[in-house]
Structure formats: structure tokens, C-alpha cells
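Down below is the structure, laid out as C-alpha cells.
In this document, chain identifiers A, B and C correspond to the written order of the chains, with residue numbering beginning at 1 in each.
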């Protein structure tokens, strides 16, 4: 039966289908990659080269000039450091506190636990845009407007993170294991640090990736919280030079490219983990 | 080592009662097996003794001390779990030594005690492996090692052998027995394998629906079960039961439902209940006590029709239709018999068990 | 703070810019949402059904890159690509008109120059949509790949024995089997697309929603009202209306697709 079907496809139509498929994929890849290549190239050209015709599809020699121009229009390294600081603090904090909280939901029975857990999950459904105003008003009320603290600290309490880690605990750690540790005389803190944390490393990596990428790329909350240019993060600083008169495009594109570079390099090495992490909610349903 | 006492222990989860009014005294060094059908509350009881769950009411005493509110750590109990619950990220050495490390025992001593334990359990070669690199039997031994390295007050086992294959189970059973002979720690051993319970335990506790049915040595449970549940639970194949009524006030014969008369002896006076005061009774007969021969003195005769034969190799089980139900008899001779052939079985008076027939009314 | 009743809501509903932003939001949600899935589903199927795992990973990872890069950076790049006078897009279009065989397809391009992608009210929204599609299709491909990988090979074999050709395998076996994934991915797209902000904001340089407010999404407007014009009360009203819109859209989606979607093939 299968053989009969096979022979219905002549080799010629098969090759054609294969060719079409490869072309389709190649086209998708070119479209996907092109803006990245283009931004990298533009970073090495002068403004007039960029806007020349035909466009300069080669590596230019204006990289150094663009770099100094970039430092002129924004304090690039300071801004990069700000982004890094916020992302690292938020990531470490979220990973630690989400796993602590998840342990609470996992290992303890207490009155109202299910209600609290359900509420927490429900809070994940609220669109971020709706939370913008309460977030801003809270930050304003606490008097931490225009601080980095206002950007990384609230990220620590993260319903998604708690949910993700708890779900992982349920599959990775048996209740017997906790009991065995209790019988061995371990306190809860000890069980958490010595037994649970080592066993949930994969999900901590996942959560860390999601948090870091989210914080690094964040734009809307810095936009409403930060006002002094020396506190700006990368996304804010980039957009602030977008509409400079007589824009130094080479420099702006160089900055844009450099701002993406850390994640791109990380993706080169950890693509499996990053992809798994960012689709974690999706694939496990 | 310690003695254990439970008094009036009850446990409910929300509204459902799981354990009710348990009383038990376990002297130092005794090996107790706890058996009962699935869901009867064995694990729950064990967890309460360990201090992992709290009883709803009643007391747990270790060495006469009230320990209800002590943590497992303070009770110094060791437990072997059905799933072994080995720490997957630690080596065998670290698994066995974890409790000692937590108890802040000096490294030197930990090393020495772990090595010693490993020697007893034949684990020396495996100390640097992770649990995932061990076979089922080896994991089981690590779980045992984790318990015995501690010199605990009390050993608790929750069906520790149920994940092993039949052969390994017998082998580990013997090792546990040897181990207990050597170190004599008070032990509570949960199982639902009665052979395991009979061979290992000094005394057996039978639990059903959260209530203790009977406590006794294996012989006591076999010879003088106090109720049909125990009688049916202990022994394989299970005891046969026939329903009957006394024929007259003199209690000299029992009439079965189909009218057959069984001349009955006066039940032994030392049994748990006075059969002569009851009207409806259950007569219990173990298959191994029913013999394929005519009745002699001190015997009663049970007549029936052979339904079919179940051969097992060493002996045949005869399935005989008596009084509208099928009973089992053991035939060591493996006689040649025809299906539907009339059968005469004999059983000695001393092997008859009498119970009040309450469940069937 | 002063209680003003429903005044803020009435102001919002009276405001033509607000209605415009709702229209733009819906327009963008649909035009930038639907093609993501129409592209992602067959691509994921091709990746899973015909490629070796290593190659599949390399391709899907490549297609995933836009998803992990910052929307601001990406929009900045596209801002320059779309640039009217000398942007690379327009230059490529002109260039294509000179290519021998396919040139006639683009013969209109030189005459149309310069195409004002970001400053013509009829081109701004499509331009924004293209960026959104470019950025999120890779994510959906990954979700659908995971979906297609849950389909047991035996099922394909059985269908082949029943005489299905490749297209029929896709249509009758694979597609119904990934229904829960489609449902899930659509839910994410709906919720995400109704909150579009960064792409239109950067592509219009944050300037009152672009030409004739044709790039003004509701979140964008929410930002303008709250943080540029400092009217938190009206902004709150807008955010609640936006929330209702998202809740309504999600509810409609759940109503029509939910039962089948969540049960899937089980």
C-alpha cells in the first residue's frame, strides 16, 4: 500500500516539493536575519554611506568614529551597566524568592492555601497594561520614582515564577523525599537549601532566563519610572536618541546593535534552554 | 532503642476518620508487623509514630515519654520508605551520612560509621554512586543503610520490599531478619504481605478500617483469630466460611441453609466468644485442615460435589460445592478425581472456628 | 483626590482619539495576528515532519531570535529600514525592478518612490504589522513544533495505511491533533496584540500616534494621557475599558474555540 503511494510521487515532483520547501525556509531565514545583519553593517558606516545608493552591503570603516559619536550622544556604558544591574538584581531576587514561596505552596498545608494559589494564578491573567497605573501610583507613593529599585524590586514577587517553580517541584520532588529529610532531622530551611534547591536547578535556570530577558528588554516601566538620563536603561537611552535632529545613524545603529549583543551571544550558547524557558508556559499547557 | 506506646490514638482528615482508638504497647527490641488491606491506615499510623503527622487525639509515648509534639528529629526515629526516597543528587555515601551530618557528628566518625554500615549491607563498592546508577535492590539497601547508620530509637518500615521482584524480596526479608537479630532495635514494619509479616515479626497487628482487629504472635493469629476478618486475612488460601443455625437448644448440631446437619462439638471453652449464646453462627475451616477422607472420631464430615481442581504442583486445591457455595480444600495426595463427583471431607473438631454471624444479617 | 463619578469614562468615550485608538488596536491585532499563525503552522509542520532534529533546531532557533531581542531595538532598526528617502526597503524595491525575470512584478516601484512607509496614514499600520509578524512568528513556530511533536508516529503510519497523502496527513491528522496548542497560541496573541505599544510608539517616534493618529493604539494613548498630559483619572478609565476589551475578546475566543481547544483530541 505504502509502496503504491510512493510510486505515485514521481521523483520529479518530489524534488520540486523539496526545492519549494527549502526555498520557503531559506526565505524565512533571510527575512529573519537581515535586520540584524543590516544593523551590524550600519554600525560601521557613516551617515552618508548608509543613505547612499546602492546601499552598502559590506563592512564599513567608520566603526571607531561611530563608537565615539555614540559615547557623545549617550553615556553608553553607564546605561548598559544600569540595565545589567537591574536585570541581575531582579533575576537573582526573583529566582530566590519565587522558589522560597513555591516551597511554601509545595511543602505546607495551611488554611486557605488553595484560594491563595488560585488568586495568584488569576493575577497572571491581568494584562500588564492595566497594571501600569497602579504600579506607577505605588511607586510614586513609596517615593521611589526615578530609582532603579522601583524597577527590579517589584519584579521579585512574580506569580508566574512561583507557579512555574511549584509545578516543577510537584513533578521533581516526592513528598516521601521531604519526609525522609524530616526523619533525618533536617529543618525546613535546611531541606529547602540542601535537598530542594539542588533538585530544581533546571527550573531555576528557566526562570532566570525568562526574568533576565524580560528585564533587559523592558521598556514601558522604565519609561514611566525613570526621568534622569544618567539613570536610563538601554531601551530608554536608545529611544531618546532616535529623534535627535540630523541623527547620527551610524552611531545610533551601533548602539542598537550593541544593546542586543549580550542576549544574542547568550542565545548562541544556550539556545535550547532559552527557547524551552520562554515557551515553558506554552508547551506544558 | 526504646519502647513505644500508643494510647487511644485517632486520626481524621477533615471529616473522614482514618484511625480510631488505637492502643498498642511495644516493648523494647520487639519487631512488630502491621498488616491490613490497602487504605486501612497503615501508612498514616506510621507517619504519626514518626512525627510526620499529628494525631487528632490520643498519645504517642516513647520510653514512657509523651512525644506527641516532638519533631521526627527529636524522636530519633528512622524510617524506610516504600519509594526509598533517596536524595537523587547525593551519592550513596552522602545519603547514608546525611542525618549524621545534620546532627553535627564529626567527619571522621561519619566516615567510619557509614563505611561500617556499608559493610553490613554490602554497599562498599557503591558509595560514590548516585541513586540513579543503582539497581532496585541496591537502592533498597541504601535506604536501609540510611536508617541503621543512626542507631535510632525506633525503626519504621513502610512496605520497604514491595517494589522488588519476588526473589529479591525473599532475600531482603532474610537480611532484615538477620539485621534485627544483630541490632535488636524496636521496629514497626508495615506490609500487606502476610508471609513477610509471619516470618519477620515477633507480634503482628492487624488493622482494618482504622481499627486494630487483633494483636498477637503469628501462631496466635493463625490458631485463634478473634473475628472472621482476621481469620480470612491470615492463611493462604483463605479460610472457608459456612453459615448455619443451631438445630436445637442442646447445641449438638448445626443446620446449614440447605438443611444439611453437621454434628457439632461444643466449641472450645477458651475461644474468644461463646458460640453457644449465639443463634446464627459462622463456621470457619482452613483449607489445609479439610482432608479427603471419611470422618473419624473427633472429626465432622462435610459432604459436597467437586466443582473443579486447581493444581499448584505441590498440592491440588479442590473446589467443592457445599451448601450452595464453593469451599476450598487442600489435597496433598493429588488424587485423581472427576468433576461433579461427590466428595467427602473431614475436619478435626479442634480445627473448627466459630464466629458470630453478624455481617450476614 | 476627588471623586468624579463616571466623568472620566464619559470623557474617554467622548474623545475621538480614543475611538481611533480602539479601531487601530483591533485593526493591528487582526492584521498582525492572523498571519503569524498562518505562517507558523505550516512552517512548524515542515520542520517537524521533514527535518532531522539538529537542522530543525538550528532553523527554529534562527527564526526565534527576533522574539528574544528587545522590541525597542528591533523597532529602531525597522525605523531606519522603513526610512522614506534612503531606507533599505525602498532601495531594495527599486533594485528588484531591475532584476531580469521578476522585475516586471516591481515595475511600479520606481515611480512610487519615495514610499513614505511611516508617514502615510494608509501605510503606517501595515508597516507596524509587518514588524509584529516578524517578531512573533518564531515564537509561534516553536509552540506549534512542540504540538506537532506530540503526535505519535503510529498515527501517521495508520493514516498512510488508510491512503492519506502528505497534505491529507497534515489536514486530517496533524492539524486536529494540535488544536490545544492553536488555542493556547491564539490566546497569547489576542491578549498580547491588544496591548501593542512599543512597536507603534518607536515607529512613530512617540509623537501623538503618528500621522493622523493612525498608529495610535489604546495602550499608546493610555501612556500619552497618563504620562504626557498627566491626566491619571482619564488614563485609568482608558485602562479599564482596555481591560474590558481584552476580557471580551478572550471570552469570545473561549466561547467559540474553548471547548474543542482545551479538550483537543482527548
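Just so it is clear, a residue touches a chain if its C-beta (ideal position, glycine included) is under 8 Å from a C-beta of that chain, and two chains touch if they have at least 3 such contacts.
Since this is a predicted model, take the numbers as computed values, not measurements.
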| item | value |
| --- | --- |
| Topology of the chain contact graph, where touching chains are joined (line, ring, star, complete, other) | line |
| Closest chain to the centre of mass proxy, which here is the mean CA position | A |
| Most widely separated chain from chain C, with each centre as the mean of CA atoms | B |
| Which two chains share the largest set of C-beta contact pairs | A-C |
| Whole-Å separation of chain centres (CA-atom averages), chain A against chain C | 19 |
| Between chain A and chain B, centroid-to-centroid distance (C-alpha), Å | 57 |
| Chain centre separation (chain B, chain C; CA means) in Å | 65 |
| Chain C to chain A touching residues, read off their complex | 39, 43, 46, 50, 57, 59-74, 76-81, 83, 85-86, 88, 91-92, 95, 134, 138-139, 142-143, 146, 160-161, 163, 165, 180-181, 184-185, 188, 191, 194-195, 197-198, 202, 205-207, 218-219, 222-223, 226-227, 232, 235-236, 239-240, 242-243, 246 |
| Parts of chain B lying in touch with chain A, wherever the complex brings them together | 47, 50-52, 71-73, 77-79, 81-89, 98-99, 102-103, 146 |
| Contact footprint of chain B on chain A as seen in their complex | 174, 176-177, 179-186, 190, 195, 198-199 |
| Chain C-facing residues of chain A, complex | 1-2, 5, 8, 21, 24-25, 28-29, 31-33, 35-36, 38-39, 42, 50-55, 126-130, 132-133, 136-137, 213, 216-217, 219-220, 223-224, 234-235, 238-239, 242-243, 249, 252-253, 256, 259-260, 263-264, 267, 271-272, 274-275, 278-279, 282-283, 285 |
